[in-house]
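Here the chain labels run A, B, C and D in written order, and each chain numbers its own residues starting at 1.
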Amino acid sequence: MTEIKNQDNIKIAVLGGDLREIAAAEVLTGQGCEVTLYGFDAYGKAVGHPAAEAPGDAAVLLLPVPAFRVERLNLPFSEARLTCRDVEAILDAPSLRTVIGGMIPEELSEAAARRGIAVCDVCREERFQILNSVPTAEGALAIAMIHLSITLHDAETAVLGYGRIGKTLCRYLIGFGTRVTAVARKEKDLTESTLCGCTSCDFGALPDRAGRFDVFFNTVPHTVITEPILRNMKEKAFIIDLASRPGGVDSDAALRYGIRVIRALSLPGKVAPISAGRILADCVLRQLREGSS
Amino acid sequence: MTEIKNQDNIKIAVLGGDLREIAAAEVLTGQGCEVTLYGFDAYGKAVGHPAAEAPGDAAVLLLPVPAFRVERLNLPFSEARLTCRDVEAILDAPSLRTVIGGMIPEELSEAAARRGIAVCDVCREERFQILNSVPTAEGALAIAMIHLSITLHDAETAVLGYGRIGKTLCRYLIGFGTRVTAVARKEKDLTESTLCGCTSCDFGALPDRAGRFDVFFNTVPHTVITEPILRNMKEKAFIIDLASRPGGVDSDAALRYGIRVIRALSLPGKVAPISAGRILADCVLRQLREGSS
Amino acid sequence: MTEIKNQDNIKIAVLGGDLREIAAAEVLTGQGCEVTLYGFDAYGKAVGHPAAEAPGDAAVLLLPVPAFRVERLNLPFSEARLTCRDVEAILDAPSLRTVIGGMIPEELSEAAARRGIAVCDVCREERFQILNSVPTAEGALAIAMIHLSITLHDAETAVLGYGRIGKTLCRYLIGFGTRVTAVARKEKDLTESTLCGCTSCDFGALPDRAGRFDVFFNTVPHTVITEPILRNMKEKAFIIDLASRPGGVDSDAALRYGIRVIRALSLPGKVAPISAGRILADCVLRQLREGSS
Amino acid sequence: MTEIKNQDNIKIAVLGGDLREIAAAEVLTGQGCEVTLYGFDAYGKAVGHPAAEAPGDAAVLLLPVPAFRVERLNLPFSEARLTCRDVEAILDAPSLRTVIGGMIPEELSEAAARRGIAVCDVCREERFQILNSVPTAEGALAIAMIHLSITLHDAETAVLGYGRIGKTLCRYLIGFGTRVTAVARKEKDLTESTLCGCTSCDFGALPDRAGRFDVFFNTVPHTVITEPILRNMKEKAFIIDLASRPGGVDSDAALRYGIRVIRALSLPGKVAPISAGRILADCVLRQLREGSS
């Protein structure tokens, strides 16, 4: 993790989010930033200020990860309801220099740009993605362990997608003695996965092999688990879908074949908010350091 | 897993237990045994016969693991209440040759011996213990992941006891990149643990180091987590106690210091009943084969 | 490994190379190809034909990996000396459709193109590179074990470059309990290496830390081990340079500081010729299949 | 490793041995002991004193590991030839309190006991054995890598014996992606090996499976690789015998079948003398501490 000194008491407004943002705020405070929370009024020991008061005189606005859910700012600990347009209004604060958050909508980015405010979408930062593959993979394993009536050790698993999350997940599964099939498109990924102890399989061959797996982990954000795969699954097999909306499963077909699909989104903030908060803070601090250099 | 053919349609009465025993019954049936379930009347789709009818004309009586809980036969899926004495009466069935179960009370073993019936306590079988270390360790990890607000990867953990469960647990934790301290008494275990990537620590040194751990896994079945250790723990640290009763924690002191203790007993049957059932069936089949040879 | 049927008895001329090419020829023959060896006259039990007779009526010409050494075709098992121009003449054979080899010179590629002959340089194939990272890493470890007077377990090592070879090497070293520092340039690689158990370090920080390492593995093919690093090394530290010419070490400075540099090139063919031959054959078969589709 | 302070400048005579003993002497000196070397006259830069002058006024006599080879004290760096009887005479030195060494002959132990001198045979110390399994296993792997013409990754291997060395060796092999069969006698070891990713096999089943292995590692010190096994081996398979004399192979049968047997004894001192010396010094220091307590 990054250690950054001398942030000159930079003022940060944390607007919304959940335990992850609270944890990030603590780390940032510990690094010398002056952090104020907005939109945590409904959180246990009501901390900070109402969402409407953001950003005060902060130079940095930290939005949630993801910033919005169903077109409202992601404020699980507040009664407030803010649209994208409401947030855009906040950008008029003359002190603001930087906006950081996850999956920031295009129109908000443009609105910031017009005002000369730098925008950093952490979800596009490789380091953020790689570090978050750890809480995501751990969360996915916990879900699998809870739902399987066999051990991971005895299970036969398929991991769809061999990107950041897929790789970490495969590595952990191998550690349990699980038989893992990595399903990928690129020759490079298929080959690399075999060196790490996986069986490799390209998407075209998956329907034929689908019948052997007890659990499918999907990390690919478009429909890769199609009818021919679902049709061939074992009776008790299930899918843990880690991909952001719309996910990777043909839901209608899954319903038809009675295949259980567990949607597991935003696992880092849910399963390990403090670790996730540290990762977020690390990303903010790097952005501030690079922005100021 | 053992594959045994020609069990001559040996008749087995499975009396009580939970999903693990049902899974074991399926495996045994698949291996050619003639299995009848007793004491599963309250199980969803009411299978088998009332507990009172056991053992029919079976040659083998399979009791639960553990056989008894608070002095009653372990019958979670039945309304019936059987004492040790009731089970002793069952042993009078002239067809019975073998009793198999877990933690069979001394008096029942003796009663069987007097009748010339062989007794096998699976909990004393090394193979059973070693194989069950897998579902136990997986279950313990799932519990830890659920209760930690950081990732296992970021956690600092102590594993008390470096026996079968301790070893498997340490290995899995290391796989997550967790910093693991193995706490043991024997020089041999301490040394071996360091080769596997753990830090080693003898019990005497634990109080001084207790403050660094986020989670303690205990596998030692007597009070090893004493007041001096509890006193030094971090505020949010907690204990997962895997040891059979009375467990390894000074409960009064834990209460006094506000340390959360999660008692996690009989994990195999709970977290992975089918794998646990296979392990149990494997043990039964080996016993039958050896007994008949 | 690829299994390809019905190669229609495709005729392959293997011209030069070492045990790796002989092993590849065996695999190709086993897959139904009609293989003739050229340029192995000085090999123990003189097999095949003189280099000058190549390619006969073959459709595929397999050149060595690398194809040339100091401007002569790589023919360690033959007295023959062939220049690039000599090989170009071979391309005039009317039966030739494809040339495959490693580090094929630009001028030869162009000569082939002019004749409508397809060219495949295996060294540019990702799959070939990834699979060869295994024999390369194993060979590097064997060299390290032979030269170290401590165990790898006790050693502190630096791996420069986190590409295919660097990753495999780090993974194996971690398996020995070695403390590994991955030195890389890209943020992404630095971050990923830490998830796999390495300490990460960017090149700028290496001089300051150079004094702690017992052995350096270099995989970067330009001068990254410069004077400031060499100056700070431990007395008995040494470098295993796996990078192709000119390698990664400032040789003059190394000489001045008395640092031993072990140049370890073309390890796959040397340490595991049969595995290397299988990898080569796999690459040839894929090329044939794709070329014909 | 043990760190012991205040050894009161205890005087230690190191009599014979190789680089391991020289490395141990350095560590012991660093820990405050007063160490004198005897029997290293033929070592490069002739250090210490002639063997005949030992033990001077030392309280501790450190003999080599193993102490004797073919009935002569193990003095590879000296022209001197000392019999067991000669060493017994050395024990008359009035300052001597403790003798430490490896595989100390019974008669010498008794001679020491008669003089009230404590004897410690490091080869009987579990900690010594476990720690030495690391250089032994690393050395065995290096030998295997050098002799195999395939990678360890591609190899199919058998490890005979699942004791300290067998376990470490299996673990390292698994790390290379090697398919490992652990051959053992005890049910417990067989079961444990499967949890670590090995296939298990009892000795009775080995002849039938012998034909699949590329390399056999033997750790069992009596003839376990018998004619029926040797007869079924692959043509190019070979054996690395790590067991102390007489080793584990029926040499006559091996010769008859043309199976290569590589005898690899005392690997720690050969492949990693400094690590081996540290382990030896650790054992000496523990002995001194415990002896004095």
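Heads up, the rule we're going with is that a contact is a pair of C-beta atoms (placed from the backbone, for glycine too) under 8 Å apart; a residue touches a chain by one contact, two chains touch by 3 or more.
Because the structure is a prediction, the values reported are computed rather than measured.
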TODO: Determine, using the mean of C-alpha atoms as each chain's centre, which chain is farthest from subunit D.
DONE: A
Open item on the list: Centroid of subunit A to centroid of subunit C, CA atoms only: how many Å?
Closed with: 39
Open item on the list: Counting only Cα atoms for the centres, state how far subunit A is from subunit D in Å.
Closed with: 51
Open item on the list: Roughly how far is subunit C from subunit D, centre to centre by C-alpha average, rounded to an integer in Å?
Closed with: 36
- [ ] Could you tell me which residues belong to subunit B and also touch two or more other chains?
- [x] 134, 153, 171, 177, 195
Task: Chain contact graph, described as a line, ring, star, complete graph or other shape - done: complete
Open item on the list: For a test of understanding, state which residues of subunit C touch subunit D in their complex under the given definition.
Closed with: 19, 23, 134-135, 138-139, 141-142, 145-146, 148-154, 171-172, 175-177, 271-275, 278
Open item on the list: Quick check on the complex: what are the subunit C residues that touch subunit B?
Closed with: 153, 177, 195, 197
Task: subunit B-facing residues of subunit D, complex - done: 126-127, 130-131, 133-134, 168, 171, 187-188, 191-192, 195-196
